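Here's the structure we're looking at; comments come further down.
We call the chains A, B, C, D and E, going by the order they appear; numbering starts again at 1 in every chain.
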Amino acid sequence: MARVMGSVVSTQKDPSLVGQKLMIIRPIDSDQNEIRFEQVAADKVNAGIGDNVLVVRGSSARRADSENKPDATDVNDCTIVGIIDRFDK
Amino acid sequence: MARVMGSVVSTQKDPSLVGQKLMIIRPIDSDQNEIRFEQVAADKVNAGIGDNVLVVRGSSARRADSENKPDATDVNDCTIVGIIDRFDK
Amino acid sequence: MARVMGSVVSTQKDPSLVGQKLMIIRPIDSDQNEIRFEQVAADKVNAGIGDNVLVVRGSSARRADSENKPDATDVNDCTIVGIIDRFDK
Amino acid sequence: MARVMGSVVSTQKDPSLVGQKLMIIRPIDSDQNEIRFEQVAADKVNAGIGDNVLVVRGSSARRADSENKPDATDVNDCTIVGIIDRFDK
Amino acid sequence: MARVMGSVVSTQKDPSLVGQKLMIIRPIDSDQNEIRFEQVAADKVNAGIGDNVLVVRGSSARRADSENKPDATDVNDCTIVGIIDRFDK
């Protein structure tokens, strides 16, 4: 779980990242507390700033890209894969 | 080891996550102390809120899904794979 | 490096975990200080409670299982792969 | 996100690392605060000291190398894949 | 980046670890401060105690072994891949 804080502009980058929306996210818990430091994630679900989102990391992050480009050259390691509507506790 | 705290409702998400139960879990130690921040895990064993569960992360998390859908597009990176009955120490 | 603290009993779990000894381990340093929180590891070397052990994580953890069952459905992500006799410093 | 702090000189190393620029990086947040400890990353975008950069870790780090050498013997686990021009918040 | 602190003696271990030098390492930053807890790494470059070394983790650690044995049964998850001569800052 994370909240979208903003975005990153990068002109000089790996070809596999061209055309990807790179968002600044901040991990949160289900009480909306910010719990760890910011990181950068590629956005696949058109999340907006302030949205609470589902994030996957590592090799799973490349799976979310596999429809659009050949996996073998994708360097992404963190991806937004869902927008959180609600926490049920 | 983790305890199930609740669940997450997400309508707009990666197709591989549709139909999966997404639970909020909190890592615990064998004395049932909560030891790290919450995260989201896909539930494969019908765990309930308050259950102590076994959790796997990273590429192992996708293995638990492999019976039901093609692995190559699965973006899950954290999965509940067992319910803990008892700690023996 | 970790010390074996106990074991976990789980009846309802992923088929790939059936028959595996699931131990509670606690990371230690070479002065035998406990340095991080407990986690669960599958035991491949018949470690006993109190033993200092070598542990591997992530995709490497599944390698230690590959003789006994098909790797593709193994969900293990932490494995005990050796018993430590001595630290030389 | 990380800032380039310097570089590392290593003569005796794995063959797959020969000819790679190995930079010392320090993770930062979008307010340019240094947030974690330094680590070493292979540079693929000609970053300079003081640049803010995008970094990938784990198996994704090897993807960025795949044009130049056979992936199977590449031991790199952290790679600089972009130079950050600006944070939008 | 890490410093070699000592070595580990283990008789009962996974077959893929037999014959490997297992060193105790401690992560450091470029000012030679020790920054995290010790861990065990397989040594591929004949590092000595006190040397500052380059370390890779996870699936990358198995790449450094691939010349000598079949990758599929290698359980190593942390490998020393270079000796650091100098930090340039």
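By our rule, contacts are C-beta pairs under 8 Å (C-beta built on N, C-alpha and C of every residue); 3 or more make two chains touch, one makes a residue touch a chain.
These numbers come from a predicted model, not from an experiment.
Minimal path length between subunit A and subunit C through chains that touch?
Step count on the best path from subunit A to subunit C: 2.
On Cα atoms, by how many degrees is subunit B rotated relative to subunit D, nearest 5?
145
Measuring from the mean C-alpha position of subunit A to the mean C-alpha position of subunit B, what distance in angstrom results?
Taking the average C-alpha coordinate of subunit A and of subunit B, the gap between them is 19 Å.
Let me have the rounded angstrom distance from the C-alpha centre of subunit B over to the C-alpha centre of subunit E, please.
Centres of subunit B and subunit E (C-alpha means) sit 31 Å apart.
Listing for subunit C: what residues touch at least two other chains?
Residues 58-59, 61 of subunit C each touch two or more of the other chains.
Please report the chains around the ring in sequence, anchored at subunit C, with subunit E in second place.
C, E, D, A, B
Flag every residue of subunit D that touches subunit A in the complex, lowest number first.
1, 27, 29-30, 35-36, 44-46, 54, 56-61, 63-64, 66-67, 79, 81-89
For subunit C, which residues are in contact with subunit B within the complex?
Within the complex, subunit C contacts subunit B at residues 5-14, 16-17, 22, 24, 37-40, 49, 58-59, 61-62, 72-77.
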